[in-house]
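Take a look at the structures below.
Common to both upcoming complexes is subunit A, partnered first by subunit B, then by subunit C.
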Partner chain A sequence: MSHFLTPVFAPGFFASEAVHIALAVGALVAIVTGTVGVFTVMRGQAFAGEAFGDIGTTGGSGAFLVGVGPLWGFVIGNLLAAGAMETIGIQRTRGRDLATGIVLGASIGLAALFLYLYTASHSTTGVTVTILFGSAFAIASSTFPLIALLSLLALAITITLYRPLLLATVSPEMAAARGIPVRAIGTLYLIALALAAALAAITIGSILGTALLVGPAASALRLTKRPLLAMLTAAGIGIGAMWLGIVLAYDSYEWPPAGHGWPISFFVVTIVFILYLISGLPGRQRHRGENLEQPQPRLHTVHESQ
Partner chain B sequence: MNPAGASVGENILEVHGVDVRLSGRKILDRVSFNIAPGEFTGLIGSNGAGKTTLFRVILGLQPVSSGSVVFGGSTRTGGPTRPRTRARSRGHRQIGFVPQKFLLDPDLPLRARDLVGLGLDAHRLGVSRPSRARRALVEEMLEAVDATRFADTRVGRLSGGEQQRILIAHALIARPRLLLLDEPLANLDLRSAHEVVALLARIAREQQIAILISAHEINPLLGVMDRIVYLASGRAVSGRTDEVVRADVLSKLYGHHVDVLNVHGRVLIVAGAGEDTDLAGHEVAFPDSGVH
Partner chain C sequence: MVNAWVLASIVAVVAGVVGFFTVLRGSAFAAHAIPNGSFAGAAGASLIGVSALLGLGVFSLAGALTIGLLGRRGRHDVATALALVMMLGLGALFLSFSEEYAQAVYSLLFGEVLGISSNDIAPTAILGLLCIAAIAILYRPLMLSSVLPEVAEAHGVSRFRMEMLFLVVLALATAMTVPVVGTLLIFSLMIGAPAAARSFTDRPLIAMALSIVFALLIVWIAIAASYQTNYPVGFFVGSGSAVSYTIGRVWATWGTTAASQRRDAGATTTTTPLPS
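Showing the complex of A and B:
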């Protein structure tokens, strides 16, 4: 029966170790970004994910320059960025625009320099693409234990903090009134977000990492009204997008211009985007009986027509 | 001024001469009052009178410059040197709190019943384990605030009055002895406001939970208050409504002459003729509903 599948799974797909690693890492990272991402969307912190993308670019290219794996660069860069965000208060809306414009711009500038220095001394431009757009097929099997460890850490933080973090997200005041240390919980969550962004960067690139963090979660939030269910849904969407992206990228070696293969991140991000559009189709929520109990129409036909 | 000064043992909350200064400005100035178990107390004052700060002091989130707050017999706030030592004390969860101007994101993936459930165990780590007892308790609270009908709707999509009910259930499920509500009527239409007040009065009576509710308008609370704490420019007078809502008492509090008028069973508090109208515009509690 395997030859029925040949048009989908090109020869050698299941035998390739690179494919195995890509599938495993893709699934793991999708679970982490789905879980962490639901809170990112609920807390309105997509900007932080974006900031980690930019600063991760600097960290990743710096790592290449000093000769360590890019994942270390992503992780260290993002953790430093998380510390900076806490210190200068980028979490507050007012500080955000300025910090985004100046600090992140400078960070990308630094990344440009690092990438130039590296390519100048190694006469290869592949590294730029790897950092910015990822390269799931190029993940060394020796990196896998570190990826698994970081994934578990990010998941453990998010799940352990689940209840207090949820209340602090809904209302910081109500959480503080019950003695929940809102600030400390926010900082710990930011660390989980930094790790998740680093993991997303290693699979689909630092620039596109936010898409995996925010996209499946945003779709999931449209489909379900329970946070835990949203996390499972987001993880499912992420895994689906990653795996389909990997299959298509493997197939695309046969596509023009032949011989290179299209980037996985292109497929993943496109699938995530399409799913987000589908999840927003009108009528979806009415099936689930929402808003039906509203006795009298409120002002808000605006909402319902969206 | 505390005409109804009850003896120490029987009060659930005692506020003794609380001063709060924020960057040199006096926000609360020797505020004192007591609340007995099951008592319904209105904290009346205009915007900026210090109501929210007073709530934060009672919750142990705002250090005081001097004075103290005694809740359930134990001192919570002992002065400027120990600002948040009580933040994690057990007593903390015996105070329920409904914050001001609560507007939830309509897309928040949280059903009304989930928010009520969080009231039970949000301070615990991890994910809550579903159990029959937990579900029954949530159901009971939803019924108590008459919210069963919209229990499965996303909280952010409920109307203002419905959200208030859910927040009250969220606070009540932890079985507090004191429930603080910061301006819960501010964004409600008259009918919803009336329903919320009636619900709170019933809770205070039936469950012996003391209620402290802040409002900038006295009229919606007139029939149900056992006690009033009237706050102006950080200073307070407290007592029964008829002891406090009087021209001489409020004139002394405001520091200038005010008149207290009864119009068709509603109270109007207005600055006296010839008084500084600046103050009047800022400090006079003006009924939304009594002037038609």
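Showing the complex of A and C:
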């Protein structure tokens, strides 16, 4: 049977331990980001999700500098950033992108400093590229249990909060009227998002982390209006895109220019992007007004704008 | 050094003007995504051997148009995120083809203002003038569309067209500023200074002028500090933007407290205090 599949799965694909780890980690990250991502899209926090990927870089480069494992740098950096965004006011619709932007800008500045200090003392420039792009083929299997544990924590927060979070997302006023602490719920979710983005960024790189957080969830929300079903669909799309990307990256060692493979991130991002475009096609016929994925009307009050 | 001052000042003026509308329109994500993603264009340009500026320009324009078109149907932040990761994915691909690019990546991401030559001034100045001219021409419809999109529609100002035009201006500003302050930091300059300026005044033209002043101050201090300490300019620009925003916030909080106290003292007004 394997002979028939040789054109798809290059020889050695199933025997390689690196591939096994990449497939398993990819699936785990896709499940977590897919589930967490549905709320990210519904709450309009894609920018925050993307920013956490970059901010993780700051934490990661800081960790390199002090000689701690980069995982803790990513996690701690993101949690601090989540706190800062919350303080500036990420919960308000108007100030949301500003809160994210200010924190992100400051954090990137810090990353520049950390990387400068690191390269000045260690004379390696490769670390910049490693941190920024990550590669699923280069994960040490010893960190896998810890990553899995923290991922499950992010997943658990989202699932535990599911009902109040959903109400607080769709209608904050109604949630508040029912006695749901909307702001505290939002903060807890932001922590889950920060954790999920940190883990995604360190295992598969910040580009792929963002792609898996936003792409599958947005596609799923275009296909179904039910959030739970959307979470399952998003996880499925994420796993599919990730695995197909790994297969293609493995195959691409044979492609021009020969000698080294094409990056996984390129394949996965392309697949996710195409799926998002395709998922928009059925919506063209459907009535647009009821779609959860459509932007909600923004409130233009003077009081909020500051 | 003089080149750096001149060039950075041009960048700061453009960032102040364009950034003012970026903050007003809530387009911070696009202002992050377009420069960040456009670096892939520079990587691609170095691969096929054309000028990096051309690659940056093409990619930032393509990114802006993708964001605008995708954002028309579907959520804007989702469209921006996907356009960004798509460009970065291409960037990763280009980088994997050219192995000796690591140092160039660093300077493109974080900027290398001190290593700039006088040849770079002319194209930057021309692109900068173009950006400012475009904003000046679009000023009234853009302002109306940013503040009251529904009213603007009623006056025949298409929200979609304004968004596309603004994104193109943002892309232009990106292409000119990226080689100077880096893809990642032009954005903090575009956000921090105008956001701070808006805390001081509600009048748009004054806010824009203040935003230019803040951006200039941030950049000048950053260059001087970077020259003194040898630390990257980007670090000082990033933290300077955050500091200026914090000062603005503190000022605004003071202002509202003082205003509400004044209002409480004079019993003639019945306005409720602003929520902080």
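Here is the rule we use: the second predicted complex is superposed on the first by the 252 of 306 C-alpha atoms of A that agree within 3 Å, B and C clash if a C-alpha of one lies under 4 Å from a C-alpha of the other, contacts with A are read in each partner's own complex, and residues count from 1 in each chain.
Just so it is clear, contacts are C-beta pairs under 8 Å (C-beta built on N, C-alpha and C of every residue); 3 or more make two chains touch, one makes a residue touch a chain.
These numbers were taken from a predicted model, which means no experiment stands behind them.
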Practice problem: Of the two partners subunit B and subunit C, indicate the one touching more residues belonging to subunit A. | Solution: C
Practice problem: Applying the touch criterion given at the start, work out whether A:239 contacts subunit B, subunit C, both or neither, answering first, second, both or neither. | Solution: neither
Quiz item: A:102 contacts which: subunit B (first), subunit C (second), both, neither?
Solution: second
Exercise. May I ask you to decide whether A:210 touches subunit B, subunit C, both, or neither, giving the answer as first, second, both or neither?
Key: second
Exercise. Determine, under the contact definition given at the top, whether A:265 touches first (subunit B), second (subunit C), both, or neither.
Key: second
Quiz item: Should A:249 be classified as contacting the first partner (subunit B), the second (subunit C), both, or neither?
Solution: neither
Quiz item: Looking at the overlay, does A:185 come into contact with subunit B only (first), subunit C only (second), both, or neither?
Solution: neither
Practice problem: Look at A:226 in the shared chain and tell me whether it touches subunit B only, subunit C only, both, or neither; answer first, second, both or neither. | Solution: first
Quiz item: Can you pull the subunit A residues that subunit B and subunit C both touch?
Solution: 222, 293-294, 303
Self-check item: subunit C - residues contacting subunit A, complex
Solution: 23, 26-29, 31-33, 73-78, 80-82, 84-86, 88-90, 92-93, 95-97, 102-103, 105-106, 109-110, 147-148, 182, 184-185, 187-188, 191-192, 195, 198-199, 231-232, 234-239, 241-242, 245, 249, 252, 256, 274-275
Quiz item: Which positions of subunit A touch subunit B when the two form their complex?
Solution: 38, 42, 159-164, 166-167, 170-171, 173-181, 220-222, 224-230, 289-291, 293-294, 298, 303
Quiz item: So in the complex, which bits of subunit A are touching subunit C?
Solution: 41, 44-47, 49-51, 54, 88, 94, 96-98, 100-113, 115-116, 119, 125-126, 128-129, 132-133, 207-208, 210-211, 213-215, 218, 222, 257, 260-263, 265-266, 268-270, 272-273, 276, 280, 283, 288, 293-295, 300, 303, 306
Quiz item: For the complex, which residues does subunit B have touching subunit A?
Solution: 59, 61, 87-89, 92-93, 95, 97-99, 102, 104-111, 114-115, 118, 121-128, 149-150, 152-155, 157, 159, 167, 170, 174, 180
